[in-house]
Structure formats: structure tokens, C-alpha cells
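Both complexes below contain chain A, partnered by chain B and then by chain C.
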Partner chain A sequence: MLLALFDTGFWTNGPVRVALAVGGSAALVCAVVGMATVMRRQSFAGHALADVSSAGGSAAYLLGVNPLLGFLGMAAAAAGVMEWADIREARERDLLTGVVLGAGLGLAALLLYFDATVRSVSGAAVTVLFGSMFTIPATIVPLALAVAALALAASAVIYRPLIVSSLSVDLARTQGIRVRAVALTHALALALAVSLSAMTVGAILSTALLIGPAAAALRVAKRPATALALAALIGLAASWGGIVLAYESFYWTPGHGWPVSFFIVALIFGAYLLAGWAAGRARRPTAHPSGCEGH
Partner chain B sequence: MRAVISSFCRLLCVALIGVMGALASGCSGPKPAGPPLAIGVESQYADVLSQIGGPYIRVRAILTNPNTDPHSFEATPAVAREVTSASVVVMNGLGYDAWIDRLLAAVPDPRRRVIDVRRLLGLRSDTVNPHLWYDPRTMPAVARAAAEAFAALEPAHAAYFTANARRFDASLGPWRAAIAAFRKDYGGTPVAVTEPVADALLEAAGCRILTPLALELAVMNGTDPSPQDVAAQQALLRRRAVRVLIYNQQVTSPLTASFLQLARAHHIPVVGVYETMPQPGYHYQSWMLAEIHALREAVAHGVSSRSLGGAAGSR
Partner chain C sequence: MNGAAPALAVEGLCVALGGRQVLRNVSFELEAGEFCALIGSNGSGKTTLLRAILGFIPIDSGRIGLDGDAPGAAGRIGYVPQKIALDPSLPLRARDVVALGLDGARLGPPLPSKRRTAQVEQMLQAVGAAGFADQRVGLLSGGQQQRVLVAHALVRRPRLLLLDEPLANLDVRSTAEIVALLRRLSREYGAAVLLSAHDMNPLLPAMDRIVYLANGSAVAGRADEVVRTEVLSSLYGYHVDVVRVHGRVVVVAAEARDEIRDAVARDPVHTAPVP
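== the complex of A and B ==
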């Protein structure tokens, strides 16, 4: 197992290096942005953004531009619209999000059809929806790193105000926090994170990388800083571990590697289960029934 | 995944179309007079059929657009009606046009003759490369089978059909000679490809295809390639271990585009080959001759040709 790590071919392999760079930066950004997203209970919105971004990814193939730009453009537009609508009531917000999600995927279906019939791009649907990390052109790496740096910088700037306004909007206002500007900046960071994640594991699976590590970390860590560090660790381990396993799978079934997206998402799910088990063990001595979270 | 989804969609479409076709044929009465209809599902088969049938057979092709991927074709009700009313249907087989099987099964007709080229050539059903028409042995066999089928339909012209089949076989002489000449001059030439489209021709010409087969199939099927195979292909181009890169002119992806870029950067000529016969201006014979000429130009003089016939290809 994990023989790939000792295999010089792994470290000198061009597609693997690109995947490590893009997947690593996606995992870091998703851990940071995903933490705030989980705390603000915006997981569904994050998933909707990812689905809508698939239309951008499909359009990129049609226009022959960088797919990351496609994902990014559509995710940013959708994030702007959803933040602009600014609906407070959860039921209303879920409805709007669901409708926007459906429309985005529908548009992606049309654009993927055009990709296949007009531009004769092969495999665009699988790449856009489920990711194909080893086919990412090396030219995308600088842009991916820049997007990651921008998202991390934006998250750092709004770190404290965002936590305060996530807890209570009124409290944030009394402290002089511009709640609207903070929310908009977070929405932008979310769009950046989602588009990086869509490049890594595809638009449909992108929520897994956004929510999974943060959710797993929040199950075991009490302090926000610890949770953040743990989420980043889980995200990186899943992303790079998935790449190692996909590389390794080439030797399990000669000549046919398994999709890297499967391994990454499976590792994240495993981490989530493991975190639940660890949290359960930690809680057991204190005679509380499970599900009681207590601050 | 794509294959599963699209075959499911096709199944749905075909089921619907079958019902519509059955309804349509039920109320349209007797077939219209005139020469019997023969369908070549892929335009290259249709081209051979019309060379054999002459004025006595009406020939139609279904897959004719060289700019789209035949693997992602969806049948329309009009196509279904046409196919089910034909007296002779020539299909490639090997899953390349599996929707035809389902269309025909929905509207059975005991008088219809179906020529499945895979079966005609006696190939196993798990043959991985479905692009049979690039094999020099394929079309002469198709021509003979078509002549037999047409003779059964129109016995009065049997001799005409048989003579045409013989003439067709002879007209492939220049192509076969060009292949033999390439084999003699450049046999063993190492080449890279993006897809298995022209593999049969390359093998007949004695080329050594160094691209991992799993990568060719991943590109053809639109599945995730393994990093080992992608890196192996990149190394072939970077180290100039191949004399030419042959790519499918009709189907591209960011991955194949990156291979083309790499080939250009390392001064390796590229040759774009066609999955479906380019029209107009080409017959099967001239198309195949143009492909082997393009290969020879690339290997002998380092000339790239992205498309057949035209200055657009020069580098």
C-alpha cells in the first residue's frame, strides 16, 4: 500500500504534480471557506453554487477558454445573485437556492450537448461533473494558485467580523461591522473555493471537498482555530491521499486506474465517519446521550 | 459513466422511436415504388453501397457530419423511419452504432438484410477498436456482401452488382500500393496517437504505435486516464521518441489539445485523421489514399496536415 510515495515516477510525473498543486490549494481554501460556510448553515447554497458553476465549466469548453475561469465566472455570478436576493427566511432561501441549482444544471446540460455536437469535445460531461484531475493542463496552475491566494486573503480579512455576524447580526452591527459587505466578501470567497473544488473533483462532487473536512473537524474540535487547522489537515490528506491511491490503482488492475475523484470523496467520507466515532468516544464518560452538543 | 448515461438515454429514445416507427409503418400502406433503399449507417459504408448499387439502389447515410463525434449520435424519429423502411442496412457493429440494433428490433421485417461489418469480418464481439473501415481488408468484403444482397433484391442486375464489386476492389489498388510502399520505406516507424481511429491503417503500414492502448481508449470513451499513461505519452513527445502524432480531427479535448501543443513545441509533425468520411469531394478510396499520403508526408518530410485537402494543413 502507498508504494507510490517511494516511486520516483510518482514525483516526476507531470499530471501528478499539477494535480498535487491544484488539489492541495483547493483543499486548503475549501477548509477555510467551508468552515465559515458550515457555521453559517450555507452548505446547501455552497452545493448550489457548485452545480451552477458546472454551466460555466461547460461553457468554457464551448468557448475554448480556461475551464477554471468558466467555473469561477458562473459561481461568482450565482453567488452575487443569491447574496443580492438576501432572503432571511430559511424556507424561502432553500426554495430559491433549489430553483437556481436546477436552472444551472439544466443550462449545463444544454452546453454539454453543444460541447459534444458543435465543438466535438470528448468527455466534457465527465470532466465537468465528476472531475478529471490528471487531464488538467499545467498552464492552469498559476491561475489556480492566484485564485487560492485571493480566497485565503479575503477569508483572513473578514475572519473575525464573519464569525461575529454568523453568531448574531445585531451584535455585529453594534460593533460597527458592515454586515452586508462581510457577507458579500464571504460569498465571493465561497465562489472562488467552489470553482477550485470543481476543478479538482468536479462540479457535482465539489461540495464534498467544501463541506466534508470542515464538518468532520467541527465534530471533534471545540475551538475555531483548532477546527480550522484540523479541517485543512483533513482536506489536504484526502486530496493528496486520493491522488496517491489513484496512482496506485493503476497497478491493482493493470492499465486501468480508478477515477481520482472517487478516492478523494471516499477519504473525506471516511474522515467524517472517523470524526463521529472519535467524538462519540470522547463524549461517553460524561453520561450525556448522543446528539447532545452542549456549549 | 458517460457511456452508461448515454446508453440509457439512447434506450429511451429508441423505445419511443420504435413505437412511433411502428405506428407510422402501420398506416403508411405499401412501400413507395422506385429503387430499393439501402442504408449505410456511417457515410463511408454508404459511399461503398452507392458504388456497388449504381442507379438500381437508392442509398442513404445516417452519420455524415465529420465535425461531430459519431459515438455521441442520437437517433431522431425521421432517422428511425428511414432505417426501418430500408431493404439493406450496413452497420459497423461493436457498439459503435448499437442504437441501430434496437431500432431494427422494434420494427421486424423478415425481408430486410442487415450486414453487421464486425460479424462479416469474423471479429470477436469484444474487439476494442471499433474503427473497422481503416483496415484495408474491410471494404472489399463489404462490397462483396452488398453485391450479394443487392442481387437477391434485384436479380435482373446481379451481374452488374458483381462487376461493380470487382471494380471497387481493383480501385483500392493505389491505396494498397501506397500502404505497401510506406511499409517498405518506413516500416517500424514509431508513432503516437490520441485515439485508436486510424490504428488499423497504421498497423497495416507497419507503424509501431507507442501510445498506451489504455490512454487511447480513455480518450475515445471520455473516461479518466491514468496519470502514468498521460505521462508516458508526454514523454514520447518530449523525448521525440515518435516521428509523428496522429490525432482524431473530429474529436478533441483539452488533453488531446495539450498533446498537440507538446508535439508542436518539440517539432513533431501532426496528422489529423477523420472518423467519418469527409464530404464533399471524397470517396472512400480517395479519402484513404489521402490519409496514407498525409502520413507519408509527415514521416518523410516532417509536414503536418491538420485537415485533408487544403492549405489549412501546412505548418
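== the complex of A and C ==
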């Protein structure tokens, strides 16, 4: 029984409403940007950006500024470095991404140490790395919505050129698509999505929201629009479902609820498994005839 | 087509990449509706020639004219690159890939359009892909994917269609089908088709014209003018024999020179001399 939904306190609770707004917009943006990221085979880059953004988040606590701005600044800077290097070779790209990721996390370790020692913000590490949705300050909501709108707009503008570029850079160039401009726009949208996600489920878990719903949708959807809609649905359901369950968990262990991030990530993982099961069922009847044909 | 500008005119083209002269003084012309094979062994400059025509790489000297204009004009060339990894997880049906050939460069998501749907459907039928139009493109066979990519390249009705080794990795039956399809499309759509391959045999019955590349130089003309012992020997710079055996044409190097032996090892067009 989900008592939370019938609890008037749930709907009037300020932190819950902030969580629903920020978590919902993060899920929506991540589904859309994540789909493009998976199609471009940039999941690792997405994960690295998220981790690196933790340095920005911890710096924000140190300086006492809006943590979303911190995540945003660091993610955008890292995305800029990675796109500026413009490496085509997948292996080299992974190496650079790994190096940037290491440097960013190292910086985060230092800043989180200062957070705890200089500023005495004791919970900063957990909040930055694993998220703490019910403690998001309400002042963040307008900025979060603006970031979400910008990321969605950027993704919508490059929708078709980005799909062609992920199919083949040469096909894109043949059609006169400016491949680098598309890549740069996507990198910006990725930085925006990842910062929103870091705000929601924490920098470390941020990829779960970015890659999970997209990956689950890709297992079953055949066309881009369906995949996008499905990913958005899974992301929203997991994000809001996680908030409800976390609120609910106050009844399970009186006095302290479980972390929202856990529930969100668990729901996404469940959706991924479910999608795999559904895809397996859908494929079984047609698997035999095509399985025998040579390529 | 007398009097009309050729669909493609290449004149005295020279291209150097990384300090190496890849193409030397290459010249040929293609009329609209012509089916032309670009033949040469690996490393002979086929891909470089196609990429120069597409405007992807700078040329050192010479001229490339498309319908009389400069190269690289976006959207007026259809192109099927050599290797496209179509991942099975891509959420794209064959018909989505063709639609992206029509308006993939446009910004924003596509709006529903009857005209667009009809154009895509007509193109899918033209390449014989209607039967698998709603399947994920990454799950199709190599020959089926090749048809979809041809439809993607042709749906905007370009005057010139370039294909880089479209027959590589296809079985004998698919090869014959794709060759017949491309020849028919070149006639129906009035597009000049330039197709690179390392084996000319599957193409010989279909081709109107051949451009034969060796060491960066080219001879062009009808197959019976070009695929001759004296013409190819002069192109290679050493004696080769053009031998017709069991309905196949093989180019055989007479002397067992090292560079020839290398070419033989790399390339099925060259066959070791018969003992």
C-alpha cells in the first residue's frame, strides 16, 4: 500500500514538491539526451561528465553558491575539453575521458575534504555524490526548469542531424550537416542533463538516470520517436516513483526514510530487466527463420 | 544526353595525402544515367577519388565538375560509404534511414507529412526493401542493409551516386542482385552511378564504363577499350596480361616482381601466373 499518495502531507510538503519538480525535469531531460548519448556510443563520456561535475558540486558547497551552478560549470568545462580535443578514435577518446574523469574526481576529493574541514558541511559528500532530493533548496527550481528547457530545446534542434551523424559522419557530411556543430550542441545538452541528474540522484548515480531509461527503451522500441517516449516514461516513472517510495519508507523505519536515489536507481534497473524480458519474448517467434540466413 | 553537361567531370585531378601522391592526373567524365565501375586494388586510390569528389578532402590541382559546378555541393551527391556499423540496438527501421536521406539535415524533429511518407515508400519499393521496411536496420542482412543505404542515398534524386566497395562482404547472389539493382536505378533515375570495387567480374556485364586505377593513375573508357593487355600494361608500368578464362577476366602479371607479388597477395583481381 502506498500510503504516501493518500497522505495529504505528501502533496503539500515543500521539499517533496521541489523534489518532484527537479526530479521530473531531470528524468525527462536525461531520457532525451541519454538516447542520443547511447546512439553516439558516448555512455562512458556521459558517466565521466557526471563524475567530474561532482567537483563543481563540492566547490559550490565550499563557496556557498547554488549547487546546480557548481555541477553545471564543471560539467560544461569538462564537456568543452572533451569536444575540443575532437578525437575520432574510440580508444583514444576513452583514454582522454578516463584521464579527465580521474582528474575531476581527485579535485572533488580535495574540495569535499575542505567542505568537511573548513566549512563544516558534514553531509556534503553524500549529497554531492549520492544525492539528497528532500534537501534540495526551493530556490533551485526556476534554474532547474530553465536548464531543462534549454537542454530539451538543444536536443530538439539537432534531432535529425544528430541521428544521421551517429549513423555515419560521412553520410552526415554528404548531406551538408555540420558534424562538429552538432557534436558541440550535443555535448552542451549532455552537460546540462548530467548536472540536473547530479542534482537529483547525485553525481555518481547520475549516469543511471542518463543511460538506464534510454538503454531500457532501446531494447524494445523500433523507431526513434517511440524510443524517446518510452525512455521519458521510464525515467519519469522511476524518478517520481522513487520519491513516493522514499516518502513511504518513513513509515517502514520510523524516524528516518531511505535515500530517494536508491529507489530511483532500483526502479530503473527493474525497468531495464523488464525491457530485456519483453524484447526476448517479442523476438522468439521470428528468431528461427532469420537465424538461418547468412549475411 | 548530347550537349548537356556531364553529371561528373574530373580533369587532371591530383591529390596528395600526408606527403604521398595518391592520385596523379586522373581524368574522366560520366553522363547522367551511366553505370560506371571504379576498379583498382587496395591502396590504388579509389576511396581517395570518391572522397575528393564528395569534397571531403582538398585537391592539389585539377578540376571536379558536378553538373558543371564545384564539388561537395551538399545534397547533390548520393553516397554509400564503405563501412557503416549499423548497431542492432539502433531504434531505426529501414524506412527511418531512408527518410533521413530525404531531410536528415533539417533542424528539429520531422513533422508528419503525406508527401514525405509517399516519397520514402516509393524509394523503398524501388530498391526492393518494402518487405523489410519496418524491421530494425541493424538486424537486416548485409545485402538488405546495402539496399536501404542505396535508398537513403538516392531518395533526394541526386544526379550522381557514389558507392565505396558496396559489394564487399556480400555473397555471390546478393552481389548479382545489388549490381542489377544499381544498373536499373541508374537508368530509371537518370543518375550517374560510380561504384568502386576490387573485382571487376561481377560488374563487367552491367557497366557502361570503367575507370581503372593503378598506383594513382587512371584509364577510363568502355570495358572493351580499357581491359586490354596493352592498355593496362602501360597503366601499371610493367607487362600484365588480360586473360579470359571460364567467363572471368583476370589480370595476370607476367614477371614475378616483388611489388606484383604483393599486389597478387592483396587482391583477387591479380592472379598468380598460371604455371
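Heads up, the rule we're going with is that the second predicted complex is superposed on the first by the 286 of 295 C-alpha atoms of A that agree within 3 Å, B and C clash if a C-alpha of one lies under 4 Å from a C-alpha of the other, contacts with A are read in each partner's own complex, and residues count from 1 in each chain.
Throughout what follows, a contact is a pair of C-beta atoms (placed from the backbone, for glycine too) under 8 Å apart; a residue touches a chain by one contact, two chains touch by 3 or more.
Note that this is a predicted model, so its numbers are computed, not measured.
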Clash or fit (per the criteria above) of chain B with chain C on chain A: fit
Touching partner for A:281 - first (chain B), second (chain C), both, neither: neither
Vertex chain A angle, Cα centres of chain C and chain B, expressed to the nearest 10 degrees: 150
Touched partner set for A:177, first chain B, second chain C, both or neither: second
Contacts of A:158 with chain B and chain C, given as first, second, both or neither: second
Contacts of A:246 with chain B and chain C, given as first, second, both or neither: first
First (chain B), second (chain C), both or neither touched by A:39: second
First, second, both or neither for A:221, with chain B first and chain C second: second
Shortest CA-CA distance in Å separating chain B from chain C in the superposed model: 37
Footprint of chain A on chain B - complex, ascending: 1-2, 5, 67-69, 71-72, 212-214, 219-231, 234, 250-258
Residue ranges of chain A in contact with chain C within the complex: 35, 38-39, 41, 156-161, 163-164, 167-168, 170-177, 217-219, 221-227, 290, 293-295
Sites on chain C touched by chain A in the complex: 54, 56, 74-75, 77-79, 81, 84, 86-87, 89-93, 96-97, 100-101, 103-110, 134-136, 139, 141-142, 152-153, 169, 171
Residues on chain A engaged by chain B in the complex (per definition of touch): 9, 13-16, 19, 61, 67, 116-127, 130, 132, 134-135, 137, 246-247, 249-250, 255-261
